[in-house]
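Next come two complexes, and both contain chain A; in the first it sits with chain B, in the second with chain C.
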Partner chain A sequence: MEKRRANEIQIFKKRKLVFTAAAAAVILLFWTASFVTQYDTLLGLSSFPRAFAWIIKSMVPNAKAIERLPNILKKLAETALLSVAVTVCSAICAFFFALLGSKTTKANPLLARVVRIVAAFFRNVPDVVWAMLLMFSFGQNVLTGFFAMFLTTFGLLTRTFIETIDEVSNDCVEALDAAGANYMQTVFQGILPSSIAEVITWVLFMIETNIRSSTLIGILTGTGIGYLFDLYYKRLDYPSASLVVLSIVVLVILLEIISGGIRKVIL
Partner chain B sequence: MPVLELRNVSKTYNNTTRALHDVSVTVEEGEFVSIIGPSGAGKSTLLRSVNRLVDATRGVVILDGQDITRVRGKELRRVRTKTGMIFQHYNLVNRLSVMENVLHGRLGHKSTFSGALGLYTEREKEQAFFILERLGLTEQAYKRCDELSGGQKQRVGIARALMQEPKLILCDEPIASLDPNASKIIMDYLRDINKTMKITCLLNLHQVDVAIKYSERIIGLTAGRVTYDGPAQKLDKKTIYEIYQSNEGELITDMKE
Partner chain C sequence: MNESAAAPKSALSFEVQRQVRKSLTGRIKTGAVSRSGMAVKVTVMVLLALSLLAFFTFDYKDIDFADAVRGTLTNAATLFAEPRLKYSTATAVLYQLFVTFCLGILSTILGAVIAFFGALLCARNISDPRVSAVVKSVVAFVRAVPTILWVLIFAVTAGLGSVAAVSGLTFHSAGYLIKAYAESIEEMDYGTIEALKASGAGFWQIVFQAVLPSSISYMLAWTFMRFEINFTNAIAMGAAAGAGGIGYNLFMAGYFYFDLHEMGYLTYVIVLAVILLETAATKIKAKVK
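Take a look at the complex of A and B:
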């Protein structure tokens, strides 16, 4: 008994030692990295106030920027609608693709693996890179942005839908199989109703994400709100450029509120 | 003519795990049969080999006079409509209404198109209401299934099975997740269905006392082999210990004395 208790105390001591060693390692790593990159923590921190002062001085929207608001809003609406269109299109494609990749509903194991690999490939190439690649074939065009976002959204949604389908459908698929339902009936009567809430949640989330990334892609492809930002930025018209950013932030927050409401209703 | 006949059925998973070993069972029309045995004895596998959710490795399954061991596609769907199944975890589509879940029992009879879109005939809907009324679920008909209690969910499961107009109902641990009160209600309904509608019932049960009380015949399954097959009354203590491979005083049923 005595010996066992001594052992247990020993375990606590050991745990403490491990934590101390880990903390020391992290600090050492930080110090080494700072030294190699010649990063000065103090200088970095002390430049914050000046940076903020500059932002406030030169980036707060002024009267001239406000004049441009209608134009900005028009482009913003265009971008938002494009994101909605992209996300909905890719979600529909991704759902049927995910059926082939899911463990419970796959048509055959080889195809399921191919689906997973294709989805991983589309997902792991950033949409900006897709946009650059697709620019060669489509040029500076809305279509380029559309396809770039379509591919990454498709990859990501396929992956998440596969997980959703795996999660929700084991039990009800078995029951519907036992009742003599065929594949399409099981999908539409069992899997779709079971997973629809999560599917919608993900679609809403991807619409938000795509509005954000379409800004960046727009800079490359010269379309939408990104083009406008780029234009003002390069003209050194910082107040207008920051108004563009602010309007995007407001739109995304608005969307978050709306989708939060929708989620509350459907869940 | 027996409604179900298993002839020397064996099932091996992944060429290694042997779930069933040379099982031969005959079930006559209108019987109420319970299968008992320890966990992992192959009870679920046996039940699922009847509606081909599990394919037997060897042996023959004859349902309603037809060899169904190798049927496929459309014919398999048709065969499956003859057996309703009730599950331990109810296996309902929780986001749909009670009514829709009950109507799922008709899917095997319907075309792909009308089944997928959920287009049911008036007659089917009336029948669903009739069954719900019988199971005391009229008030719940339009509720979503995730609003129901466990006992109610299991009654929806029974309603879905009845909707198939089956010859045979397979029950995989129908009361294992229910409290004693709901368990009694479910078992009473199953017995009632068996007696009045003449639907054969084949159950997996963990509760030996329930099996003895409700069923006419009991099948004991131990490590994939049938170790007892006979009337419920003749099942004595010694045989129960043999089925569960345990010694006297080790089972929960021993607690009564």
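Take a look at the complex of A and C:
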């Protein structure tokens, strides 16, 4: 009895020790990082209330901003359609690419390796780099954003789809093989139907992500809703800029609700 | 005899005919009709239709597509095949990478601390339902605004620089992590909380003795994932909001010097760093679980 009790105390002591060590490590990390980046913690923390006070005071849409609403909505629709088109195109490409990279459906091992490396490359090169590179030749064009987002989305979805296909195809590929199905039949009758729900979930998620990243790319390349925000922001027309922010919020939340509903039905 | 047998048979076949689905060419369709199957079909159709609509309504500004593609490919070849530094040294680049890394660390730690307390208010099993609903909608709003816009909004009051970048990144991370943490708290067994409540434990005792131990591994996994996102976001913030770090070098190389060689070098450094980070995160996650 005594021994067990001592043991329990040991466990609590150990937990406390681990907790303290972790907290100390985090504080040390924080301190080092703020030294390197010249980040003033007090200034940083006090920036929150100041920013809120400023938002409440200046970032309220006024009559002039409402006048700009049609233009904002037009750009917003363009951005939304762009995100959908980018995601759908890259999902279609990524699915077929993932077939070559998956363990169960690969054509040959070397090709599968190449596919994985290519996907990792496209995924990890920042979209900022793609945007700048495309900007040199495409200029301020909707296609700049399209291809920049296409490449990163393609890389990310290829990796995800490879995992999805690996997961779902274990049983059905074997069964279809045994029944004498050829490669195409296996893909379209077995793998596609059993992974489509997962694929759609990811596509919906990526559409949402791409709306956000198209804002960033828009600021960098002067296109879409990001450009409009940047324009109002640099003109110090904060009421109009805030209307842009609000319209993005409404779009993203709407999308979240729709994709949540779809996910509930299909999964 | 024949006639009397024919009548019910045709009635039956009529019934069967009504049930059987045929394709346009008259082949009988097999496979079950389900709500989820219909939903999948409708979703795919709508997405494809929207994409087509997008391609028809884009303003292409009469761009010479083939020419632009050719130019991009030539530039990409220069960028990736001949990485070279001209305006910066290798050590300076590595230091800037470290700065970006630190921006990611700062915003992840701050975001995680805020998110921990936010999640306690947000998780339905330990918080008041009304408070939880309010926090959830606030968090949904915060998450819906792109990170770059938060950074630019903070920059108005704090000035462009690390403070605005960290505040903006923190804000978005907190929004993301509150949702993730709250979900992992909501997954825990309610019996534990009930037992502690029954034996007279206070709110913080429940939090530190039951909630934290049972969900810490999920929380850590989410935090590491967020750190990876914050690192790449910090690069973008450096490029688009002058937040410093390697992103700013990238911005200067791309927009001021038009130096593809330097951009290529920086890109390789970033890609290597991200891959290393990914590997480390996978290893840590495996250990924590």
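Operating definition for what follows: the second predicted complex is superposed on the first by the 227 of 267 C-alpha atoms of A that agree within 3 Å, B and C clash if a C-alpha of one lies under 4 Å from a C-alpha of the other, contacts with A are read in each partner's own complex, and residues count from 1 in each chain.
Assume contacts are C-beta pairs under 8 Å (C-beta built on N, C-alpha and C of every residue); 3 or more make two chains touch, one makes a residue touch a chain.
Owing to the predicted nature of the structure, the values given are computational and were not obtained by experimental measurement.
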**Prompt:** After lining up the shared chain so the two structures overlap, which partner does A:44 touch, if you call chain B first and chain C second: first, second, both or neither?
**Reply:** second
**Touched partner set for A:20, first chain B, second chain C, both or neither** = neither
**Prompt:** Which holds for A:10: it touches chain B only (first), chain C only (second), both, or neither?
**Reply:** neither
**Asked** Of the partners chain B and chain C, which touch A:196 in the superposed model: first, second, both, neither?
**Response** both
**Message:** Applying the document's definition of touching, compare chain B and chain C: which contacts more of chain A?
**Reply:** C
**Asked** Counting only touches as set out at the top, which of chain B and chain C does A:71 meet: first, second, both, neither?
**Response** neither
**Item:** Overlap of the chain B and chain C footprints on chain A, listed as residue numbers
**Value:** 196-197
**Asked** If you look only at chain A, which of its residues touch chain C in the complex?
**Response** 15, 26, 29-30, 32-34, 36-40, 43-44, 47-48, 50-51, 54-55, 59, 78, 81-82, 84-85, 88-89, 120-121, 124-129, 132-143, 147, 196-197, 200, 203, 211-213, 215-216, 219-220, 226, 229, 233, 238, 245, 248-249, 252-253, 256, 262, 265-267
**chain A partner contacts - residues on chain B that touch it in the complex** = 51, 53, 76-81, 83-85, 87, 89-96, 100, 104-105, 107-110, 112, 115-118, 157, 160, 164, 170
**Complete:** Given the complex, residues on chain C that touch chain A span 35-36, 39-40, 43-44, 47-48, 50-51, 53-55, 57-61, 63, 65, 67-72, 75-76, 79, 98-99, 101-103, 105-106, 109-110, 140-141, 143-149, 152-154, 156-158, 162-164, 166-167, 213, 232, 235-236, 239-240, 244-245, 247, 250-251, 254-255, 258, 260, 263, 267, 270-271, 274-275, 278
**Prompt:** Which residues, counting only chain A, touch chain B once they are in their complex?
**Reply:** 171-172, 174-182, 184-185, 187-190, 193-194, 196-197
